[in-house]
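Shared between the two complexes below is chain A, which pairs with chain B and chain C, respectively.
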Partner chain A sequence: MRWIAERVQRHRESLMVLGSFAASLLVGGGIFALYGVHPLEAYGHMLSGALGDTDALVATLSRMVPIALATLSIAVAFNGGMWNIGAEGQLYLGAFAAAWVGLTLPGLPGMMLLPLGLAAGIGAAALWAWIPGILSLKRGLNVVVLTIMLNSLAIYFTSALATGPYAGTRVSSGATDRIPEAMRFMHLSNFSTLNTGIFVALVAVACMALVMLCTVPGYDWRICRLNTRFARYGGVDVVRRQIWAMLLSGAFAGLAGSLLVMGDHYRFRVGISPGYTWTGMILAMMVAYHPLGGMAAAFVYAVMSSGALEMELMTDVPVEVVEIILGTAVLFVTAGFALSNRWANRLRED
Partner chain B sequence: MTYLRMERVTKRFGSFVAVKDVSLEIAPGTIHAVVGENGAGKSTLMKCLYGMHAPEKGAFYLADRQLLIRSPRDAMKYGIGMVHQHFMLVPSASVAENVVLGDEPRRGWGFDGSRASREIRELSRKFGLEVEPDMPVHALPVGLQQRVEILKLLYRKASILIFDEPTAVLSPGEVDSLFAILRGFRKEGKTVIFIAHNLEEVLAISDTLSVLRQGELIDTVPRGEVTPKELAQMMVGREIALPVLEEASSGDGKTLLSLNNLSVRDDWGGWAVQDLSLDLQEGEIFGIAGVTGNGQSELEEALWGLRQIEKGSLLLDGEPLQSANPRERRKKGMAYIPEDRLKTGLAPLGDLEDNLLMGYQYAPDFSRRGFLRRGAVRSFAARILQRYGVAAASPRVQSGTLSGGNMQRLVMGRELEQNPKVLMVSQPTRGVDVGGISAIHDHLLRLRSQGRGILLISSSLEEILALSDRVGVMVKGRFVAVLSRREISKERIGALMLQGRGESAEGGTSHAMDR
Partner chain C sequence: MASWLHAVVRMVIPLLLLAQGGTWTLQTGILNIGQEGALLLSAFFGVLGNHLFGSWIMGILFAVGIALLYNLLFGLFCVTLRANIWVVGMTLNIMADAGAILLMKSIFGVKGGFRSDRMVPMPILEFSSLPEWLAPYCNGYSLAAWLTLIFVLFCWYVDSRTVFGMRLKAAGENEEALEAAGISVSRLRYATLLVNSLAVGLAGAFLSTSYLFGFTQGMSAGRGWMAVGAVIFGGGSMKWMLGAVLLFGLAQAGGNQLQALGVPSYYALMLPYILVILSLVVRQWVKKRG
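On to the complex of A and B.
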């Protein structure tokens, strides 16, 4: 008994997330039932549509890459107490910067173009995150407001470039021409845009997770989020830590954008991200900014959204149900944390 | 005459029995204190009466009629109200809006704001609770915020007022005015239940005392029939002697920390500390006495590098320190137990290990090439919890769920394990019970006997008197006097503390009260 209680206490956050997710699946089941579809049948189609064969699995993984990077981008910032709501704009700017390298320096060899494209994408996005970061840390401006405003600026600025000076000549409007072949990440199958960029993403995610979970900066970030004043009192260089959280968050958004250009589409286009970082924000919050939890959540999301197509085909339940399930899960997690805090306060004898 | 009666009340939390079979009788028009250590069940018992907890067994009677209380609203209906230790106010709303919230006066469909402030003004005048109804609550000092809480109860016509450790957040002057208010209630025939663990205060204000220990009622006694010492024994269950410094240091030791003409600004740009100088020697406790709000908070922040030192110099072992950040200060052998544990000393939402690692994470014992050494952190945490007697279910619970005394032990353990040359400690026993106080004082005296220097900032005169080799009395950011142990007495320091108070903000409010 005691052993179980201790385990529950130690893993209470993960248990809460898993429980909330299970509960939201039940709610989803209820919705399926309303459509007159057996919940298990609907979920069955979802699973087979996402993981049923190699092609399905590849499509799911290709969906997962930008979502996973966006989730980590948000997780890094939020976990460090920097509310970076501007990852979407950073992603767009990074994506365009990568495309711009390809369009302006087409003659360079791949050995140089590839790293240059990545560096430009990551660098531009990180810089775009640095601006609100430094303004908030040094000048006390509100980081949420700043980052939201910078979103629109970046998205419309890149749109203007892609429809104006950099508009493609061999493509319908709203996109640039293709980037040179030398800087493309090779597609791994004919049925999806999954490409070798996934390995870059994998390495980046692994490094970041290691830093967040096992190192001193990771600890400092967490404390900055929990209580900035306590961190400063304890001797943490809060400004330096938090500006790095912002830079890395921007870098991951930029990497997601660069890979979309250099791996998936081979060009920049208007609306290149259907709101990946907003989804990433939901996923990151759902797992309380845990990097590995975030990756698991991104995988589950990819499975559900990619499998939803087959589900819709077979059962007439619209794909949007996936969003409902996800939203419910976030709701449950939030409620769960609030409740557990309340119980903790009750038990406290003062 | 019995008025309010509790019969065999029992409340459990899981397997933990917080209140065990307690029966209590309270006479009308009296001030009845419920005392006990942290975790004795005082608050829990009162929360049962107020409908915040549902007791497993037992009943409440008012004038021999059984009460049906399932929520605070029910309790209010019977005229029972409670002022919580942590205020429940809307900071941006005005005093009047806070008071009437939930029972607003209306004009047609709308809220009648002018009637609200008029009624609050009358009510506050009647009970001597001077507070401006149209001020936003966040602009008020703590003492006045508490009055808003009290007004909430009076507005709802409460006749039994429960106060959960009301003095824990107040400065001595504010305590005096609160007591004047409580006596006023008694005169009006209201009944006051006063939860506390500070013996001096309890004996000063209450007519009857009930002592709880580990959830059980030990005894109920009239005030005149018990000495502070007996009371402390009843609370703790054993004899306790608060440690006192026996012999003052010779005063010719090496200087560890020296402040030379230090000036520091407050948040609004005025001077909080002006031209303050002192030399802290090894093996010495230097007490800084003063009514809260005379620049102590700004001074401690400045000494720790959280606030800029505008003028003057600060030397540790003869080396300049004023430009060092907190991390460098730790490295040079300084440690700091801040006044506000929840805001500065802890991350309440982090677990105990997170909280104990702070300040050590850069040391080679705890991290290598940037990677944390989990095992070392875990055994370090276990050692501190054990050595300093922090009562917690596991090192993974959130530190914010600990009781006040245990939080203080946690912060204390973390800072003392650093083995500092100079310790700065502020209000170390605020909100800590008798048993805890003696343990904390023991630790400070032990550190002193090891030749370390301690800067003790406290608004508790007893604490300053018991521990200090020398005392600086701080008024409006300056020392009005620095006394050696031979020269100090309670009366003398008390008189010095009040010098020039008439013009200060603190003094202003309490004088308004005295009239």
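On to the complex of A and C.
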């Protein structure tokens, strides 16, 4: 018995997340029942639609790439105590910057275009994240409101460029022309947009997870979030750490955007992201900003949302139910942590 | 001049309602960042109630009802459980966005937007006995405009002249002192969330049954966030919040005017956001100096 209790104590957080997710699946089952659909049938369609055969699996993986990068982008920032709600705008700006490189320097060889495109996308997005970061850390402005406003600015600005000076000539309105072939990541199958960019994403994710879990900055970020005063007392350069959290968060959003342009669509277009970073935010919060947990959550989301298409077709339950289910999971996790903190405090007081 | 005033008023109504509600919750120490989602859901339920019963009053009631539910959920997490407002607020915003689309698809079977012939717009008030020079300035506003005016005057009175208003500020500034005086802080917070639901519900119903007619995906268009910006700008003070709301409303109306003059729409749409950012920067700068 004691052995079990110790195990539970050690893996308290993971268990809470898994339990909350299971509970939210039950809530989802309730929603399906309201539609007169058997919950197991609905979840069955999700699974078979996402993992049923190789084509489906490839489509699911291709869906996972931007979601995983967006999740990590949010996780890095939130984990460091920076509420970067602006990743969506950073993604758009990064995507446009990558496309801009391709459209302005079409003559360069691929050896230069590929890294240049990625660097431009990542750099532009990181810069867009740096502005609210520095304003909040040095000037004390509210980072959430700033980043939200910068979101709208970036989305409108890139839309203005894509419909104005950079509007494509051989495409319906709202998109640029295709980027040169030399800077494209090759598609890996005919049925989806899964492309070699996934390897870039994998390397980036692995590096970031390593930094967050195994290095001093990773530890400092957590302390900055949990107790800024304590961090300062312990000699952590809070401003520097947090500005880096912001820069890296922007960089990941920018990478997601660049890969969408250079790997998936081969052009920038208005509405290139259907809210990837908002989904990423839900996922990152669900796993309490753990990078590997975030990747697992991104996979679960990719499966659910990719399979939801088949589910909507077969059962008439809208795909948006996935967001509702995962949002419920976040609420359960939050409530779980809040309650357990309360009980812990009460025990201590007794 | 009169038409310009009308344009500004139409922009200011939803912002002012949301910012007033948010200022009160902020005074008790809760920054309500769920406004955007609440506004969108209210707009949808405004259309739903209006369509089902063919009455704008039912529209408002539905909108207020859902706003109440939403704010109670927010309160349950942020007041009772003392969970992180950002996490809860953002989650609720995202869920509201998905929920509105889900409900629209399920109830009306359409994607993107919905309007129906059975809907009745909110009335527009005309006063017949006004002198001729005044009439164009006072006539032709939606009922919501006058309700907003009454609401803000009421809040201003309560805020500055009553014990309740004092307690609101005490709840934000020194919880323990208020608890020691025998007042329940949680109760006060729930009370302000309740008032906020009335404001958000009216704003949502105004948006979908008066300002525009019908519901479209994402029709709140960042108004909730602009209002949160105004609330933070005010920092709990009504005077500053009002100034910010007027500024943002003017910017939005100005943006529309630019669009009419032929400036590409996306550039015109950027104007209010640039102003919000600049005003926040300037305000902080002034605060630090003063």
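We adopt the following convention: the second predicted complex is superposed on the first by the 349 of 350 C-alpha atoms of A that agree within 3 Å, B and C clash if a C-alpha of one lies under 4 Å from a C-alpha of the other, contacts with A are read in each partner's own complex, and residues count from 1 in each chain.
The rule we apply is simple: a residue touches a chain if its C-beta (ideal position, glycine included) is under 8 Å from a C-beta of that chain, and two chains touch if they have at least 3 such contacts.
None of the values given here were measured: they were computed from a predicted structure.
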Clash-or-fit label for the pair chain B, chain C on chain A: clash
Chain B versus chain C as contact partner of A:113, first or second or both or neither: neither
Most chain A residues touched (candidates chain B, chain C): C
Which superposed partner A:175 touches (first chain B, second chain C, both, neither): neither
Partner chain(s) touched by A:236 [first = chain B, second = chain C, both, neither]: first
Which of chain B and chain C A:139 touches, first, second, both or neither: second
First, second, both or neither for A:124, with chain B first and chain C second: neither
Touching partner for A:216 - first (chain B), second (chain C), both, neither: first
Chain B versus chain C as contact partner of A:50, first or second or both or neither: neither
Of the stretches 39-47, 93-101, 345-353 or 399-407 belonging to chain B, the one that collides with chain C: 93-101
Residues on chain A engaged by chain B in the complex (per definition of touch): 6, 9-10, 214-220, 222-223, 226-227, 229-237, 344-350
In the complex with chain C, residue positions of chain A that touch it: 35, 83, 85, 135, 139-142, 144-146, 148-150, 152-153, 156-157, 159-160, 163-164, 275, 278-279, 281-282, 285, 317-318, 320-321, 323-324, 327-328, 330-331, 334-335, 337-339, 342
List of chain C residues in touch with chain A within their complex: 33, 77, 81-84, 86-88, 90-92, 94-95, 97-99, 101-102, 105-106, 222, 225, 228-229, 232, 264, 266-267, 269-270, 273-274, 276-277, 280-281, 284-285, 288
List of chain B residues in touch with chain A within their complex: 13, 18, 38-39, 41, 43-44, 53, 85, 164-165, 304, 306, 325-330, 336, 338, 343-350, 354, 357-359, 361-362, 367, 370-372, 393-394, 396-398, 400-404
